[in-house]
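Naming follows writing order (A, B, C, D, E, F and G), and every chain is counted from residue 1.
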Amino acid sequence: MISVPLFFYFGIFLAIVGSLATAWGPGVNDPIVRTFNTEVASIGVCLVLLCYNHVLALLTLLATTVVISLILFRAIIRLEEMGADV
Amino acid sequence: MNLMADILINVIIAFLAGSLLLGLHRKVMARVQKRPGPPIVQHLIHSLKFFFKETAIPKTVSKVFYIGIVFILALVWIVGVIAGPVAHDSLLILFGVYAVYKIVEHNSGSSSGSPYGKLSCVRAVLSAATELPLFAAIVFVYLITGTMNIGEIIAYQSAHGPLVFTIPLAALMFFMLIITKSPYSPFAITKDKALISGFETEHFGFLRGFMLFSESIAWYVMLWVFLTIFFGPLNAVGYLIGMIVISFVTGFINATTPILSPNHSVMTQITIGAICFFGTVLMIFTGVVA
Amino acid sequence: MEFFVSIIAIALMVIGAFGIIFLKRPLDKIIMFTILDAGFVLAVVLFKYLDVAMFAALVDPLSTLVFILAVVKVNDIRKNKLESGDIND
Amino acid sequence: MDFVTLGGNLLGTIPLGDIVLYLTPFNLFLFAVLLGFTLLIALSKPETQIEATMHTLNNTEVKVGPKEFKQRRFLSIICGLASAGAMITGDLFNFTLFMALVGILNIGIVSAVKQTSVLNSAFNYGLIAMMCSLPLFGGASIILAATGTLSLAVLSQMPASPMVVFGAVLMLIGILGESGVAPFFASKAEMFRTAGSPFIVIIHLSSLFIIVRAVEILLLVLW
Amino acid sequence: MLDYMIYLLTFAAGLILGLVYSYKQHGEPFVANTEFNMPFAAVSILGWCLAFDSGNVILSAIGFLMGGFVMGERPGYGRKETAVGLIIAIVLYFLLRWTV
Amino acid sequence: MRIGVLWNKLADPKNIPRLFAFSLGIILIIGLIVPMALNPDQLYVRPAPQEQIDEGLAIAPYDRGGEVLSQPGIINPQYPDNAASLGMITGYMSPLAQWISSISPYFGTSIYSSPGGLVDEILYYTRGFDTILESSILMMSFIIASWLSVNYTMNRKNDESEIREDVKKAISDSTKVAREVKANDAKARAKQLRRDN
Amino acid sequence: MVFIPPYVPDAFLSMYLPAIYAGLIVGFIGTMAIALKREEIHILILTDIVGLAMIFVVSAVGTDLAEALILPGLVVELAETLAISEILLTREMRKIEQNPRRNLQKTSSMFPQPFALNMEILNTAPNFIALVLIGYGIFLTGFTGGAVAGGGIVFYALSKKARGLPVLMLDGIAGVSGIAWCLWILGFLLFFVAPQYWLLSLFLAACGLLLKVASKVGLIGLLMREDFDKE
């Protein structure tokens, strides 16, 4: 038997730490780093979904996370290329 | 009486009474500002006059909306008359009527292509905030009486006394809406004289006639709703006196206050609305309101 | 047995998470992200959802690849800007 | 609180599984007005916006190009239909979804224009619309957790607990942000400074009507 | 409601007629006329009294027409006459109500 | 600060998302003191976590009973009378899914959504209208995004020549910029060197 | 064997409070960070966190309904991010276009430029991984399948060498997804009009949704390959 609460609370912990890091972590003034840190939070959410047995939602979350980070990176890179100040 | 005849009579009354009251309003403002002012009947004559003037349609307009919107405006306020004085229906329908009125204000400004109309249109969007106090007032009326039906609200008031004594702050919120909609009011940012005539700038001839016609009805309906839901069952003389008094009061207020800048106007209304809202909530929870 | 695997999975995830947050260089972060993902896959396996684990294992290289592409390209752009003197610091 | 005290007699329902659309005179009025406006939008051509040019005596014309026109008209018609649907829906989550759809369409309607100020406000409004997914969906699901149902017909019969009130407050702030009233007016109001009157009217119309409807829904849920 | 509509219509008609008539009589720029015009005062008193106290729709309508005629004169004219008429009519109304 | 100044700040679109976020955050944190508890009487209840997989059901965690094409699964919607073929989707498995379920107990997730299964029943049937909306939202945002990229942001027609010319003009027109570039060049190189070490 | 309990199991009841508090806290952190941040691209990234908080709050209910509500919510988040980031790009490009002298620097480019990168994985893996993902997605069908298969298409498109926006292909994809949407609506209506054909409706709905989501997500890949392309 595995301990579901263990992973549940760990998922919550990861989500909070990840979002804290995204908000005020070291070096987050670089948008790339900030996007990296959202991954930590999203893995935390994945764990929570796993503990709730929302497995299909978990699959979708994994797939969309990749695509969202792709979109964000594209925006960041294009803005840097343009030299836009946002 | 036949329903159609009833509607027709009420619409005519609303138009005549509304335009005379608006004339009175203008006269009061003029007297406060030490001008002779136009005769009271002037507003009525204006409205009628426009129906016989030549109608010109600018080249730049979006035609369907430009013409359609004035009929929608008239139609909407006739629905207001039907839902209010004729059928004593749900307050929420009147609220919906008011919302459509804002849309019409917005779109008649933007469909003309004139920069003045456009500015007025943007300001109409800003002033969507005036909706909220109106809502809050309606919700409080609803909370106290337990109904949205105007007829039942009147019945409640004849049993328990006018609502204005129970929830004065809600009445104040509603009154602020009336001030907002009165001509030359400090909150009338859509009709600021810097924008010529605001959203009406590019509507000529009978189109303008329809607009004035609906505005008179609108003024009558709003006063009617205010008097009905806050001052209980009134007879014709009561309505007459109440409407004249409110026109007087708004005339005084509008004559003595400058127009506010758009965002200040919106935030003032919202602030007053919020204060009244929390005041009324406080009154309800502390048991001041039975 | 399962308890030890849980501990390992959690340890992997902790290392990965804090690695991502505290390491400076982007490429190090990518490696740490892979560790985090490995821990996560382990957790999914523990929960006995093998198809999900398979999928996670497939997506892992994908997201890593996206990160690498992004980091390399951004570095490229930043280097260009520095060399040409467009940005002053 | 039930439908009848708020909007008048129940005229009929449209059952679609768990989601039941219902019609009262009040809902029907809003629905009909929205459909009417959508029809007008489908029929009308945009206006030409004339502005004075700086430093010369000429006028500048701002027109809606043919490509842009098609795209914007399509989006506005869908927006009209979506807000018409929001007027008659009888399910809490369904309503929030309609709102999210209206939000994204509002951005889309102005996204094709050239003025940067308009794009700026569209972007800022978009940020709000994205954030709104938390209060809207979250509020609806908190109400679901507290009462065990999402159907307005059932919710209207239930007494409100503090949790329901909290969910309703969350939903309210979501609605305020999404429809751009009160202190959040600026981002939405700036979006109207562009040509294409038939299209931008639906932005305003949908948000106003959604507030009207939202008040009905909040009253149903809370009392 | 029909009677109220008739009153309003006749009143508005009276206002317009009064305006047209007084512009025919006085074409000069704005003057605040302080003279008390006896015939107009009589019309006003008669009109308002009929309007308020007759109790008959047609008579009241005629009364509103006459009252409106005086009240609707161009700015600066007919103010005192209207005031006198209104006061007398209202006093009469209350007298009638209390005595009968 | 005077209230007018504050109000003027609210008229700038750039501040609005931040103000909204702030008020939303305040309300969220107020939520921590609101007494909250899950009402146990819910629709579409599911078994406790890991219960089905521990029992070794082939299609855990989505097994809701029922036999393929004959007996509906157990399902608890809001309005059962509005859904005539209720539970059939939950009880259905495609032939491929049946085969997979016979070989391993660990592929329940994939099996029970291919197509059929409880989530599909909710998504397509009892709450299908929601899904119409969701997919419309998706479609609309993609229409917006792809329209913008095809017609503007990725449009190759206004690429190359025009943009290059713009760049050239921007640089050649302004000798000042060129001078600055040179000056900064050296500075930047020095900094870069320092940073690399 | 009891397949569903009459009431929510105790495990979920005890998990509710921590989960929803976590959601509130994550949401609070995200919103406060947005309130304090000025740069717009950062705000865009931070809204992602707010979306995660939404997933927390919805999933905390712990029923099948909650899961069904999360699924599309996720896809909506994705879609909105895409639209809004595109608007941000458009705005910046318009700004530069209107005043190129002030805004364009020497190394700046309005359009994505190729860069030098040669990775083994980009040459060998994509066909295989993409195929597996697409196959798995088709097997799953529906939202999840669409997202998975779309991920596969994204990956495939990313690793391709061709440059230039394939407008023709975009149009084709848009057409496919439009037809898929119609399929899905048809299936949905069939459920209520003719319940005896539920199996047909199910397949219509599921396949329609799969095609729709997959084609849309795949479209991202086509758009992206401009940016992450090699020389």
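To be clear about the criterion, contacts are C-beta pairs under 8 Å (C-beta built on N, C-alpha and C of every residue); 3 or more make two chains touch, one makes a residue touch a chain.
Note that the coordinates shown come from a computational prediction; the quantities given were computed from them, not determined experimentally.
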item: Path length in the contact graph (subunit E to subunit F, fewest steps); value: 2
item: Shared interface partners, meaning chains that touch subunit A and subunit B; value: F
item: Most contacted chain pair (by C-beta pair count); value: F-G
item: Averaged-CA centre spacing for the pair subunit D and subunit B, given as whole angstrom; value: 24
item: Between subunit B and subunit C, centroid-to-centroid distance (C-alpha), Å; value: 61
item: Averaged-CA centre spacing for the pair subunit G and subunit B, given as whole angstrom; value: 47
item: Numbers and ranges of subunit C residues touching at least 2 other chains; value: 47, 49, 52, 55, 59, 62, 66, 69-70, 73, 77, 81, 84, 86
item: Subunit B: positions in contact with at least two other chains; value: 263, 267
item: Shared interface positions of subunit D, touching two or more other chains; value: 15-17, 93, 100, 104, 107-108, 111, 120, 127, 131, 134, 142, 144-145, 150, 183, 185-186, 190
item: Contacting chain pairs - touch in the sense defined above; value: A-C, A-F, A-G, B-D, B-E, B-F, C-F, C-G, D-F, D-G, F-G
item: Contacting residues of subunit F [partner subunit D, same complex]; value: 10-17, 19-21, 23-24, 27-28, 30-31, 34-39, 41-43, 77-79, 82-83, 125-130, 133-134, 136-137, 140-141, 143-144, 147-148, 151
item: For the subunit B and subunit F complex, residues of the former touching the latter; value: 262-264, 267
item: Residues of subunit F touching subunit C in the complex; value: 50, 53, 104, 106-110, 181-189, 191-192
item: Residues on subunit F engaged by subunit B in the complex (per definition of touch); value: 4, 7-8, 10-11
item: Complex contact set, residues of subunit F against subunit G; value: 14, 17-19, 21-22, 24-25, 28-29, 31-32, 36-49, 51, 55, 63-65, 69, 73-76, 83-85, 88-89, 92, 96, 110, 113-116, 118-120, 122-125, 127-132, 134-146, 148-150, 152-156, 159, 163, 166-167, 169-171, 173-174, 181
